[in-house]
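So that you can tell them apart, the chains are marked A, B and C in the order they are listed, and the count of residues begins at 1 in each.
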Amino acid sequence: MQTVLNLLEVEPIRLLISFGAVLFLVLNLAAILTMAERKVSGYIQLRYGPNRVGPRGLLQPAADVFKLFTKENVSPGRSDLWVFLGAPIAMFIPAALVWLVVPFAPDAVVADLNVAILFFVAITSIGALGVVMAGYGSRSAFSLLGALRGAAQMISYEVPLILSLLGVVMLAGSLSLVDVVRAQGDTIWTWYFLPQLPMFITFYVSGIAEVKRVPFDLPEGESEIVGGFMIEYSGMTWALIQAAEFASMAVMSSITVTLFLGGWQPPLPFLDLGPFNWVWFGIKTALIMFTFQWIRWSVPRLRMDQLMDLGWKVLVPLTLVWLFVTAGLMLLFPSLGA
Amino acid sequence: MLGEERRAGHEGALTEPPSSRLVSPDIRDEFGLETIDMNMGPQHPAMHGLLRLILELDGETVVRCDPVMGYLHRCQEKIAENRMYPAVIPMTDRLDYFANMHNEHGYCLAVEDLLDVEIPPRAEYIRVLMCELMRLASHIPSIGFLMLELGAFTPILYAFRERERIQSIFEAVTGARMMFHYIRIGGVKADLPPDIPQKIWDYVESLEAHFKRDFVDLIEDNEIFISRTRNVGKMTQEQAVEMGVTGPALRCTGVDFDIRLDYPYSVYPELQFEVITDTAGDVEASYRVRIGECLQSIQIIKQCLEQMPEGEVLGDTGRRIRPAEGEGFGRIESPRGEFAVHVVSDGSDTPYRVHYRDPSFCNMQLLQEIVPGHYLPDIMPIMGLIDPVSGGWDK
Amino acid sequence: MALTLPEGDLQSRLERYLEGLDNRQGLEGSEIVDGVVRIVAKKDDVPAVLATARQTLGIPHLSFITVVDREGAFELTYELIDLRGATVRVKTTIEGDEPVIGTVTGVYPTANWHEREAYDMFGIAFAGHPDLRRTYMWQDHFDHHPLLKSFEISTKRTFEGLR
């Protein structure tokens, strides 16, 4: 027994096992999120969500997964098959890889990189590639439109995404996510969402845009281009795209929590759970994911030019101004920085 | 005028006219730009039915929009030539299936124009009551559909909850939830059940109480709704009347043409209500006009319930309806506009010719004129302005 | 710009329309019956009559164009509405089996689709129409015009002997 535990300390094995565990968590989370989405949307729309399969419908994801495994994977006749089939994989890999650096608890990080924020930014940028591959590989007019919109949107919203986390980097003095969490004090009013409120809002909004959810779901615009870049996918390929979308929604929520809401830290010191602080991390991430869903079922979607206007003309100047404000305040009050 | 004070200072997101976005074909040739021909096909979740739009796109800007209809054509006018006069009424139910009572009423008015039958006053009041309930049941879902196509999935479910309640009232009165076959030549089929007037009154009062909370508060000042619908599909009064547009789509430009007041029929001269207009002529204005019309319909329903006389409900048309040779015209205000019926009789049991002038068919010409220059996602709000129903344009 | 509708009360407007349209030669009949100005015109005069109605008299709205197949002739009815209670109904008859009539799309652009429907259902050719193609039926391989009386439906039934 002792040798097995000693083996877990050895570096490559520890990485593989913990990444395997995180990946298992992420795939299950994607399935559970489909269920949560349907129940939340149901209750907002004054109806029950699925409530037949299992007690109160809780086994619905199992039924969904079973159905999708047995469904035929149809591809359009003149599609470019390698690109078409590679696109869901190219969408899922970035969403899964970022989980390598997410800190669940003080010692529970798969890879405690000291350039974790840079890693996060770099890997999420690859997500745009998967969208373009899906749209190009499908060779149909609707998916082409969806892919172009998706690429433009994701690339445009990376700029405010990155700018908004620079304030946090300045305050924490480090690019490592573990250091950022430790640098936010252990009370709710010292977490970074208060001093960096415009940045928090920008990061949140850009996160919604990166994940392509309403109000930014024009690449998937259900009303005009019926599924956009994923219109030609069915069966397990579609399921992988959906899993990628939910996994990236979860990863955006968890990074938001890590950067702005104190990571694994409880709101007040006496609520500290010691080694079980990942419960706080889970609660906060679930709260942010719930707000993503709440917004989805409440507001209409923006049109493409309005979406671009919001990104470039509103969010980017806001973040630049606040960067200067943060830098200025740090010069004036040197105790602000770590 | 509605909405004037709200518009001050907020132009929405379309500040220049859509036609300025169209690139002329010579410039396109010079730079080697091409347009995409795309089909928003008959199978589409948001097309208000089976409509095929052949679009020519320059990037995201629509250059040409060509509606192709006929996917739901059921040859109603041909079949009506082979049915006896009362047997045509269930077919009119299926024309514009969100305004069944209005279609029946229009057809019955046309046939009563040929005959010389006296309609009892109670039947007239019941007809108006049913038509105004149907107007509520049509306008509220059309607001829901507008929001669904803009991407907000929730208001349509609130709207259908109201429609379900109205449909259960219809089921108690006529026996059917959707295809009623209730308004007959000479009156209505049967009297209202004794507890129905109280139920309608209670329902309408409760609707008036929570109407604003459900359909106005979350939508009217929503920033995204305003930027998606203000100045989109903007028409002038001249353009609208030239294209033959009637109904809320015309009233949202400022022309106050309402057949209930201008070409009165049934007991509308004895009822007090206003015509709701807005001056802007865009999608947001049509939304406001529909909201106002819902509230006016509630007032009309209350007046009908108060003023309804006792009496019979079906006039004496004789055993067989066999009008003399001639023509009959009926014109009513359906939730979509002017619905007119032209019946030609040759003295036999079946009509010689029945023609329906359906408002959805005539309002669809807007798509060809207004859409070029707008972006692709704007087509959906413009369809929400026109609010066509595929049974109507296809007959 | 705001639309200007014709002035005056109903009776005076009806008489003004009758007088304005009656000044043409070749009209075969005109009268006011029940608040409707009925005009019967020759088929070649119809575009001109409607042009007078639109431009001189200011009647803004063409409600519908109806066609009745009288087995040997086609009877067209154009109904014009002035949005304030007055109606002008112009009737014309086209003889023969190959009906051709001038279009009124230049005067009332809404007639575009009404004339397309008349072409589709009856085969009436509108000379000068910008885009005359079928509305409901298939564009390519359907040469019939369904609402003609000669286009029999297979389930036609008679009502003899029914009480």
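By our rule, a residue touches a chain if its C-beta (ideal position, glycine included) is under 8 Å from a C-beta of that chain, and two chains touch if they have at least 3 such contacts.
Computed from a predicted model, the values in this text were never measured in an experiment.
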Chain whose mean Cα position lies farthest from subunit C: A
Closest chain to the centre of mass proxy, which here is the mean CA position: B
Distance between chain centroids, defined by C-alpha means - subunit B, subunit C (Å): 24
Cα-centroid distance, subunit A relative to subunit C, in whole angstrom: 62
Subunit A and subunit B: spacing of chain centres that average the CA atoms, whole Å: 43
Residues of subunit B whose C-beta touches two or more other chains: none
Subunit A partner contacts - residues on subunit B that touch it in the complex: 13, 36, 38-40, 44-46, 60, 147-154, 157-158, 161, 218, 222, 224-225, 227-228, 375-380
Of subunit B, residues touching subunit C in the complex: 69-70, 73, 75, 77-79, 82, 84, 236-238, 241-244, 246, 254-255, 257, 262-263, 327, 329, 331, 338, 340, 342, 344, 348-350, 352-353, 355, 357, 361-362, 364-365, 394-395
Contact set on subunit C toward subunit B in their complex: 1-3, 60-64, 66-69, 77, 79, 81, 83-85, 87, 108-110, 112-114, 117, 121, 134-138, 146-147, 151, 153, 155-157, 159
Subunit B partner contacts - residues on subunit A that touch it in the complex: 41, 44-47, 141-142, 145, 214-215, 217-218, 221-226, 297-306, 309
